[in-house]
Amino acid sequence: MTMQTLPRRLGAAAVTAVIVWFLSVRLDTFRDFQIAQVAVYVTAVAGLTVLTGLSGQISLGNGAFMAIGAYATALLLLHLNWPFIAALVASAVVTAVAGGIVGVAAARLRGPYLAGATLMLGVALPALAFAYQGVFGADQGLNVTFTAPAFLGATFPLTRWQAWVSTVVALVTLVLLANLCFSRIGRNWRAVRDDEVAAALDGVNVAVTRILAFVVSAVCAGLAGSLLAIVTSLVAPGAFTITLSIALLTAAVIGGLGSLPGALWGSLLIVLVPTYVTDVATSHGLSSSVGSNIPIAAYGAILILVMLVFPQGIQGGLVWLLRLFTGPDQKTRIARDAPAPHVTPPADEAPASQHEKEGTA
Amino acid sequence: MSSGTAPALAVEELVAGYGGVIALDRVSISAGTAAITAVLGANGAGKTTLLRAVSGMIRPRRGRILLDGTDQAGRSPEQMVRAGVAHVPEGQGVIPELTVEENLRVGMMSWPRGRSRADRAAALDEAFGRFPPLAERRRKLAAALSGGERQMLVIARALLARPHVLLLDEPSLGLAPRVMAQVMDLVVRLSREHGITIILVEQNARSALAIADHGVVLNLGRVVAAADAATLAADVALRHHYLGF
Amino acid sequence: MVEFLQFTLSGVSFGMIYAAVALSLVLIWRGTRLLNYAQGGMAMITTYVAIEVIYHTGSYWAGFVVALAAGVLLGAICQLTIIRPTMNKPPLNAVIVTIGLLILLEGLAGIFFGGQYRSFPTAFSQTGLKINGTPLGVSRFDVFVVAAVLVTTLVLAAAFRYTSAGLRMRAAAFNATIARLSGIRVARVLTVGWALAGLLGALAGVLVTPSTFLYPNSMDTIFVFGFTAAVIGGLDSPVGAVVGGLLLGLALSYAGGYLHNGSNLVPVVALVILVVVLMVRPDGLFSATQVRRV
Amino acid sequence: MKRTHRRRWQAAAIMTVAALAVAACSSSSTSSSSPGSGSTSSSAALTASAPGITATTITVGSHQPLTGPAAPGYSEIAPAANAYFSYVNANGGVFGRKIVYKYLDDGYDPTKTASVVHELVLQNNVYAIFNGLGTPTHLAAVSFLNAQKVPDVFVASGCECWNDPSKYPQTFGWQLDYVREGKILGNYVKQHFAGKKVAYFYQNDEFGLDGVKGLDMEIPSSSVVSRQSYVPTNTNIAPAVTAMHAAGAQVVVAFSIPAFTALLKLNSLKLGYSPTLVVSSVGSDPITLGGLVTAYAKQGGATVNGNQLINGIITDAYLPALSTSDSWYVLFKKIHDQYEPKAPLDGNFFYGMSVGYTFVQAMLKAGKNPTRADLVTAIQGGMPQGPAVAPYSYSSSDHAGITGAYMGVIQNGVVVQQGSVLVTDTSASGAITTYSGTEQQAPASGIPSP
C-alpha cells in the first residue's frame, strides 16, 4: 500500500511546493523569511510529533538535537567549506548518532522520567558551547555565510532562496515521514505506544522500535537545526534554550499530536502568532513593559484554550469540520493518530481495562 | 429498614454502555431484601457493567435504579455508597501501597463526620474479629496478603461502609477451591446473619446458583432468564446454552 | 577542608529549595499522574504578592504568610478552572495546559509587576555564621531556609501518614476507583492536592528569592533543578524528593567549586547524575514500583 | 484506506494554501498597524530621500530584550531613548521630521532577533537599526543589515566586533568597549594595588571574556590568584566566591551585571569576606545596585541602607555621574519626569538618553534629505563629543565609539570621579593616556545643534 500511495504523497508535496513557490514570489521578502522559518519548524515538529504521537515517547529536549545539527553544519561550512547540501546530510548523520545514543538511554524511561531526562539534556547541551569556547565560540556562537547561487542573479533576494531551500527540505522530510508512518515501522510504533506487552507478544522488538523513533525525530531536528543555521546566519547557544524545545512540543500537540499536517498548523502558530500579536500590541501605544508582555500572556492563553477546545489539536478540529462534509471515514485516523489516552486514566470514570473489554465486547 | 415487600434493589429498563457501544439493553432486575441474587452469563454479557451502573461508576442512559423504592439513577459512586450500596469490584480490590488497617479505614470514609473515634475503633475491632487472618497482619502492607486474604480484606472494607446492598464482582476469581468455598460461606452468612442484600456476579454459575436464592441470566446485554436459583440450575437447555455446564 | 565545609553547607541550603519544589511536584504527580510545569511560575507570582505585601506593611512575616495563602488559593483555582477539564483528555493536553499556564503567568507578571529585578528581604541576618573564627559560608537565613523546608516536609509527611485526610489523599492517589467506591470525593481531594502543592511552591519561592532576586523568569532554573531532583528521587516518593533535592544541591555545589570552570558545567553535571540514576533505577531512587508489581 | 490517504493529502495541500493566505492577510494588517511604514512602503520612492524617511517622519527600528531573562535592567534602555526622541519631536524634531522609534522584543534569543530585524527592515522599511542590544543577538542581524546596506548604528554592546569597517561598513559601536574598559580598570589595579592578590569574577560570555582580555593586558598574571566565571542563569555563585576567598584574593575585579555584583556582595557577606571590589561600569550603577542590596542591608544586623553596603566600590564610567551638578543629568531628568516618569532614573536610563542624543546628532549631521549612505558618511566623518566624557573614535577606518572613561569610587549612591578621564585603544601595546579635552555641557535647548 505504501508503494501505491507514495506517488500520491509526492504529488501532494509537489502541489504544496508549487503553492509555496507562487507565494514566495508574490509576497514580500519578509514573508519569504517567515516561510523559511515555518519550514524549519515544520521539519523539527514533524519529527517530534512522530516520536511523541506515534511511538508515545515525550521529549522536552529536541532543541538539543537542533543545536547539534546547527553546530555540525556551521562547523562544516566554516572550516571545511563544504557545500550546504553536503553539510545538511552530514548533520543528519551526526544527529542520527546522537538520537541513537539518547534513544538507548530513553528506551527504559517512561512519562515524566523521560521528560525530565530530555529536559535536562536540552538545558545542559548548550552549556557545552561555553565549556568548549574554542570550538563553539561561547555565547557569540559561529557565523554562517549563506548566499543565493549566482545563476539566480545578484538582485535575487536571499530570503526567497532561504525559503525555497527550507521548503524543499521540509517537504522531502514530510514525504519520507509519511511513508514511514504507514509502513510496518509506523505500525510497530503505534503498537508499542498502545500496549507494549501485546506488541512484544506480536514479535515487535519494543526497545529497537522506541530507539528508532528517537533516531528519526533526532534526524528531523538535526535537519531543522541545519536549516536554522542558514536562515539566521548565526549558530549560538542563546537560540537553543529550553524555550525552543518546549515550543517544539507545544507546536506538535497544538497542531494535533501524531499528525503531519498538524505539524504545519503548530509551526504556523508559533511563527505567526507572536509576530502578529506583537505588532497589534505595539501599535496601540502601550508602555513597553506592558506591550511586550501581552504577546507572551496571549500565547499562553491560546495554548490553554486550544487544548481545552480542541483536545485533538488544530488538525483534530479541522478533521472534525471536514467530517461534517465527507462522512465518518476520517474518524478512524484521529483515533489512530491520537495517542492512547489510557496513560493517565482520569481520576473519575476510569474503567479498569478488563471492564472496558467487556463493555465493548 | 425496608418493609419485606418492596425489593431492596430494583433495576428497571436500564440502558448503559461505553462510547458507541450499548452494554446493557433495557435490563430489569429486582433483588429481595437479604436475598442473594446471582447474575450469570458469559464474558461480555454485561454483568460487570450492570454492577458499575448500579454503583454509579457509569451513568445509565435510561432506566431507573430503585433503592428501597427511591430512584438513585445518575448518582455518583460517592453518593451511592452513602445511600447504602457497596461495590466490590473484580480483581485489584485492595490498595497494595496501604497497610491492611489503612485499607479498612478507607472503608469508613463514607461515614458522616460526626461519628466518634470510639465508634470507628469499635468497627475496626469488629472487622478484625470477623477476619482473624487480617488482624494478624493489620500493620503489614496489603501487598503482602494472599489471594484469599485480599478477598477477605476487600469484603471486610465493603462491610465497614455498613451497606444495605452489597455488589460482589467475581469474588471467587482465581481462588483455590477451598478458599473459594470459604468466601461463598461468608457471602451466605452476610445475607442470612446480617440481612444484607447481595448481588453476586459469577462466571462460575454452578457454585453461584448453589448459594443464591434467585438468579438472573444476561446475554449480550439483555436478560434472557430470571427465576429461582433452583429452577435455573435445573433448566438443562438454559445451562448448556448460556452457562456452559 | 574549610572550603569543603562551606560548599557542603551552601549546597544543603540550595538543595532544600530544590527539595521544596520537588515535593510540590510529587504531591501533584501522586494525585493526578500529572507533572505541573507551571509550579515555578506559580511560585514566582506568589512571591510577587509577598513582595507587595512586605513593602506595604513593612512586615516580612505578613508577606510570608500571605504568600503561602496565595499559593494555596492559586493552586486550587488553577486545578478547578483549567486542569480539571483536561482530566478525561489525552494526557499530554494537561502537560501543554500547564506549560501554557507557565507562559501566561510569566506574561502577566511582566504586565503587572514589570520586568526589573526586585530584591526580597529576609527574615534573619544574611551575615555569615562563624564557628570559632571559621566562616561557614551560610547565614542565619540559610539555617531558616533548611529548617522551614524540613519542618513543612515533616508536618506534611505526618499528616499524610496519620490523619484521615492524609489517608484519603493516599487512597485517591493509589487507586481512584476504589477511593470513589469507598465514598471518598476524589475530585475534591485532587483540588486539595494542588492547593498543598501551591503552598510548597510558594514556600520555595519566598525562601529562594533573596538569593536570586525576583523577575518573571526567576523561578525557571529553580524549577528545572527541582524537577530533576523529583525525578532522581522518584516522583511517587516525598522522601525521594527531599533526598533528590539534597543530592542535587550538594553535587552542583561541589561541581561549581572543584571543577575547573565549574559554573559552565553545572547543568552538565546535573544531566550526568540524572542519567546515571535513571539507568540504574528508571523510576528514581525511591520508586514505589516494587510494591506495585506485587 | 487509500481514499482516506488521498483525502488527507488533498486536505493538507488545501489547508496549506489557506494557512499561507492567512499569513498574507496578517502581513497587510501588520504593516498598516506599524506607524509610518504603511505610507512609506507605498510612497517612499516618490517623495522621501530614503526608505523609512518621509516628509514628516524618520522611522528607525531596534531589537531589545523586553522580556525573558535578559529583560531586567536592559528593557528600560529603549524607552529611555524613545523618551528623548519624544522630547526632540515635541521641540521641532530633526529638520521638522519626527522620529518614530519601533523597537521589538527579541527575548535575547538570536533566532528571534533575526526574525524581528528582518521584519523591521523588509516589512516596516526602517531607515536604520539603532542601538540593537546584545552581542549574540546582534550578531544574528549584523551580516543581514550590511548585506541590505541598512545603517546599523550605535549597537548596545561593548563587543569590539562591531568595529570592523571592511567587513561591516554599515555597523557602528557606541559604548566604551569591554577591552578598553578592562584595560582602564586593570591599569588602576596595577597602579593602586601593586603586589596584592587579585581575583577575577566575570560573566561567562563575550562581555566578561573581553573584559578579562583587557584586564590581562595590564595586570601581571602572576598577581591573579583566581579566575571565577558565572553563568547568568545560575544564581548559586557561592562556590565561585568561596574559591576566591580561599585563594586569599584581596582585590576582586568584577565584570558582572548588577544582579551578580549584588550576589557577589551577598555571598562575601556570608563568608565574612570583604575584598576591595573593582567593578565594570555595566555592573556598578549605584541606583540599581543600591536597590538590590538594600534587602540584605535591612536584615544585615545594623540598620544601614543599601548605599552603605556599596560604598567604596571602585568602578569606571564613560557617562557623567548622576549628580544634580551635572548639566546632562539636569536635562535628562527633566525629560524623564516629562515623558517616562515611572521608569527608574538609573544608569540604564541615562545610557538610553545619551545614545538617543547621539543618534539625533548623527541625523542632523547627515543632512536635510539623507540617504542611508549619508548617515554612515556623517558618522564616519567624526562625531562631536556628546554626553560621554571621552571623544568618539569614529572615522572611515574606525567604527568603535567612545574611547575612554574615568575611574571613580561609589560614595553615598554616586560615582565620585578619581583623577582625570583616560583614553586608550584595544591593543595590548596601546598606551592609556589622559584626555586633555573637557566634558561637554548639555545644550540649553536639550537638542544638539546641526
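Letters A, B, C and D mark the chains as written, and numbering starts fresh at 1 in each.
Here is the rule we use: a contact is a pair of C-beta atoms (placed from the backbone, for glycine too) under 8 Å apart; a residue touches a chain by one contact, two chains touch by 3 or more.
Quantities reported herein were computed from a predicted structural model and do not represent experimental measurements.
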Maximum centroid distance from chain B, chain identifier (CA atoms): D
Between A-C and C-D, the pair joined by more C-beta contacts: A-C
Between chain C and chain D, centroid-to-centroid distance (C-alpha), Å: 36
Inter-chain centre distance, chain A versus chain B - centres from mean C-alpha coordinates, in Å: 50
Whole-Å gap between the CA centroids of chain B and chain D: 75
Centre-to-centre distance between chain C and chain A (centres being mean Cα positions), rounded to whole Å: 30
Where chain C touches two or more other chains at once, by residue number: 106-107, 110, 115, 177, 180, 186, 216, 220, 261, 264, 266-267
Residue list for chain D, restricted to those that touch at least two other chains: 66-67, 75, 204, 231
Multi-partner residues of chain B (each touching 2 or more other chains): 57, 89, 92
Contact set on chain D toward chain C in their complex: 66-69, 71-73, 75-76, 204, 228-231, 233-240, 242-243, 245-246, 258-259, 262-263, 266-267, 269-273, 288, 291-296, 298-301, 344
Touch list for chain C against partner chain B, complex: 164, 167-168, 170-171, 174-175, 177-186, 288, 291-292, 294
Residue numbers on chain D that touch chain A, as the complex places them: 1-13, 15-17, 19-20, 22-24, 26-27, 29-30, 33-35, 66-67, 75, 78-79, 82, 102-105, 107-111, 114-115, 118-119, 122-123, 135-137, 139-140, 143-144, 147, 159, 161, 204-206, 209, 231, 342
Partner chain A, residues of chain C touching it in the complex: 29, 31-35, 82, 85-97, 99-111, 114-115, 172, 176-177, 180, 186-187, 190, 216, 220, 224, 227-228, 230-231, 235, 261, 264-268, 270-271, 274-275, 278-279, 282-284
Residues of chain A touching chain D in the complex: 1, 4-5, 8-9, 11-12, 15-16, 19-20, 23, 26-31, 33-35, 37, 127, 130, 133, 138-141, 143, 145, 158-159, 182, 228, 231-234, 236-239, 241, 243-244, 260-261, 264-265, 268, 272, 275-276, 278-280, 282-283, 287-289, 292-293, 295-296, 318-319, 322, 326, 329-330, 332-333
